[in-house]
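You will see subunit A twice below: alongside subunit B first, and alongside subunit C after that.
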Partner chain A sequence: MTTEFSRDFFQLFGLSRRFALDSQQLEQSWRAAAAAVHPDRYASSPDAEKRMALMQATQVNEAYQTLKSPLRRARYLLSLQGVDTQEETNTSMPLDFLMAQMEWRESIEEARDSSDVDALEALSSRLRSDKRALEAELGEALDRAADLDAAAVMVRKLRFLEKLDQEIGDAIETLLG
Partner chain B sequence: MALLQIAEPGLSAAPHQHRLAVGIDLGTTNSLVATVRSGSATVLADAFGRSLLPSVVRYQEGGRVTVGHDAQREQNHDPHNTITSVKRFMGRGLSDIKDAGSLPYRFVDAPGMVQLHTAAGVKSPVEVSADILRALTQRAEAALGGELTGAVITVPAYFDDAQRQATKDAARLAGLTVLRLLNEPTAAAIAYGLDNGAEGTYVVYDLGGGTFDISILKLTRGVFEVLSTSGDSALGGDDFDHRVYCWILEQADLHGLSAQDTRLLLTRAREAKEALTEHSDTRITAILSDGHAIDLTLDQDTFRQITKTLVDKTLLPVRKAMRDADISADEVKGVVMVGGATRMPHIQKAVADFFGQPPLTNLDPDKVVALGAAIQANVLAGNKGEDEWLLLDVIPLSLGIETMGGLTEKIIPRNSTIPVARAQEFTTFKDGQTAMSIHVLQGERELVADCRSLAQFVLRGIPPMVAGAARIRITFQVDADGLLAVSAREMTSGVEASIEVKPSYGLSDDAISQMLSDSLAHVQDDIEARKLREAIVDADSLRDATLAALRIDGDLLTAEETSAIQQVLQQLEQAIASQTTLQVNQATHRLNKATEDFAARRMDRNIQRALKGQKISEL
Partner chain C sequence: MAYSDKLMDHYENPRNVGSFEKGDDSVGTGMVGAPACGDVMKLQIKVNADGVIEDAKFKTYGCGSAIASSSLVTEWVKGKSLDEAMAIKNTAIAEELALPPVKIHCSILAEDAIKAAVSDYKQKHGK
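After this line comes the complex of A and B, so read on.
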């Protein structure tokens, strides 16, 4: 197990260690790796192999989930380079970003209070396009500029946007249910 | 299209011997058992040619147990002791059962899981389910002519941990080796997908007798990937019966019925529902115990009206699952209908309207789950099929723990691919705090009170520090059965606590052993002989697998490592020769330990081979 766990998630799937990645290749590599170690393949194997398969299948899934999500991928890349994104502790944000946050929150509340699912879905798709723009910026900062401090700030921003999206999702579910 | 290349998995001990394995659909209303024979999956019928075994168990004085059709026939006469739809009570407390008042049973409000008072004593839902499983096992062993190696048992995808654990306990109590708990819609997708060579995004709409599941799967080159699942574990065909029953009470102005009359009218209600699948109206007649005669006519339109809210209720989880999978209705290639209740015309119409296409009904909605389970069981037992395929399933409900102020903190979100593990660190709240109570929860809601409590345990021996200095790492591991294990560790001192999550709902190993030895079918000598036989089978298969592994991947070991393993192998041989259960088990355990590192290296090589194979095929 020493050999396995010393490799990072990018190496595990044979990918280069950068933010930009081919999501299809990631998905295919994950499927191949998951197939090789899935506990179903070891259902009639000795206990040691069963336990190992469980651990490795878990790790392969963890690696995939980490690399698939842009936010988690960026956070992981930064952690590999010793940068803590301080998402829980560092709450200082540029003023214009905070203003935009408040506007988002007001729009969500308004749509929720008037039980307007369509408006919520429109907000969600607008938010997702904002997220994609921020992710592109993040890719620049990580892969080209190697500006890790700027990247850490963007990770924190992205985290805010994901939380907003979660709130919209919760609101839609509450209205539907 | 080329299938994914998959490296040789752990080698089975006896590759040429076909092992007897079955798939069991343990349903709310009916149960089935199926197997793969000469390459194709078939449902096994009883001596009268009947495939469905009604999930009905009758308990009589003196411990006599009747299962299936015979029990069903008696349910109107003996409603207190004839248990139907026991699946609804699995892993549930009395307060969870909303219609307990209108059911003819004598419930016992036991801690954790509700129990039922019968003429043969108090029975837990686990015991009742075990009796159904025993009947199916007997049917299978009679049909196949030998002892079963193991079974895949299906559970609703939306079953929580307590319900899954209860199902696994029932199987153990029935003496079955569980190869895997498989989600019902996923089983249906396997049976449908392999049969039709399906590729693309499919929805499985599974309305059973007492549970509703919706699963969205992506089928690509032999991989069945569940994207999302949702449902309602207390909504099913039974609820439609119940609406008809209430309608009868209302129409005939009936109050305060006896248990016999309640059961009689529920049966009439079910018959009426079934008749309306093919007829535009149906007559409901019954004579109650006081001589009162009922004669009513129920038509399609009325039936549709009184059950409309139930149909609408199924579409809610559908929308949730679509959101989670991030797909729209027009991306869905087909909708597979599962469960007898999907025969109702207005359900089919609602689904067709929602997805803008008629659902797929070219397979028997009663049998497809058992068939899928049989196919999976065949592969897991080591009988290789012709096609290589793989199942990637998800966890249906988020897992979390209680934090300050009665709030839940999610640790593993719903729809994560299993197996999955996640660790999270927590800290102490007060100076000098030496213990921490950990409350494990499952569900989506923010308040602890709205989630299901799975377990509570205390981590003690935390070294006294100032508040916030201790670092407690809690790890959730969900295995391929969807079952959870939780461990906690204080990082600065290494104090550890770990549990399998089953104290509140599951049965302990001791309780199971007790029930096993209590049951008349097992005499003590039998148990001892069986234990030795099982120990030797395990030891044999471990030895064979180790030898095969040494042959194939021996180059991964140094000479010293190889000879160390050889030595433990020899000890195992001696232990087998001794014919003593304890010695065999200990030697097996030692060999397992000794080969752990070797297993890890082999697995790692498998991943690398799989990735290389996949890249070559991509070029």
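After this line comes the complex of A and C, so read on.
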């Protein structure tokens, strides 16, 4: 298999360049691509070919990890179109969103302090549904409206939700552990 | 990672935690958030008739450096004019607390929070 490094991650797996994605198709394409460049197949090849295969294997895995995660996929799509999501620098989020973030943090803290695993589980499932809604919105902004600025804000929002998800998970783990 | 004594002091004994009534005309509220780490910061200033910040409060959800940065700026802005408060730079906060490079964004968050609070106050007063 010859892989051109100039191809983007979507092309690499024969997928169309959009946010909406058939995860089964991604999974299958990834397995096929990974098998084709697996180092074992190049065990008796010249060193140069071995190195090339290894580089390709790395790229295939990087592509898979990027496309599999909605957050990373959206960020990648925006970067292909020259849009920086400014996750490190942009601190001005919509006010209602930040207020909601404060409330989330308060609820998590409360549940953690009172060792209430049920409350944490409830928060976790509410968060998952918020995340799904935001991902649907993101798909709309990227695939239909092509509103890249709005999509960049949504990526930043999603980043906050992922952090909350992690905090709730950590709290549950601590209480159960 | 070794943190400075000043940072630890602000983290363990944060100054000016709390909030003012948002509806109060003399209060300006700034809210900012850092997507990369999920930190959220609310910073409020209370401005007197002479346009001087006489009190400040904050509430921050985030790491120790974010809490220390916001605690420090609430102390710094007291007694300052709005323009003086706007001139506070994140580099000064980072230097005072000896923030490690990976925590510089916490000082940026605090600077942005002050700016947002001043803008909110100015907006309330049609300036």
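Here, the second predicted complex is superposed on the first by the 170 of 177 C-alpha atoms of A that agree within 3 Å, B and C clash if a C-alpha of one lies under 4 Å from a C-alpha of the other, contacts with A are read in each partner's own complex, and residues count from 1 in each chain.
Please note the rule applied: a residue touches a chain if its C-beta (ideal position, glycine included) is under 8 Å from a C-beta of that chain, and two chains touch if they have at least 3 such contacts.
The shown structure was predicted, so the numbers you read here are calculated from the model rather than taken from an experiment.
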Query raised in the report: Counting only touches as set out at the top, which of subunit B and subunit C does A:Met99 meet: first, second, both, neither?
Result: second
**Report entry** subunit B versus subunit C, judged by how many residues of subunit A each one touches
**Finding:** B
Query raised in the report: Is A:Pro46 contacted by the first partner subunit B, the second partner subunit C, both or neither?
Result: first
Query raised in the report: Which of the two partners, first being subunit B and second being subunit C, lies in contact with A:Lys163: first, second, both, or neither?
Result: second
Requested in this report: For A:Glu173, decide between first (touching subunit B), second (touching subunit C), both and neither.
Outcome: first
Query - Touching partner for A:Thr58 - first (subunit B), second (subunit C), both, neither - result: first
Query raised in the report: Taking the complex as given, what residues does subunit A use to touch subunit C?
Result: 87-93, 95, 97-99, 101-102, 105, 155-157, 159-160, 163-164, 167
Requested in this report: Would you pull the subunit A residues touching subunit B in the complex into a rising list?
Outcome: 1-4, 12-14, 28-29, 31-49, 51-54, 56-58, 60-62, 64-65, 169, 172-173, 176-177
Report task. Mind listing the subunit C positions that touch subunit A in their complex? Result -> 31-38, 40, 42, 59, 61, 105, 108-109, 112-113, 116
**Report entry** List of subunit B residues in touch with subunit A within their complex
**Finding:** 4-7, 9-13, 19, 179-180, 220, 223, 225, 316, 319-320, 323, 376, 379-382, 390-392, 416-422, 477, 479-480, 541-542, 545-546, 591-593, 595-597, 599-604, 606-607, 609-611, 613-615, 618
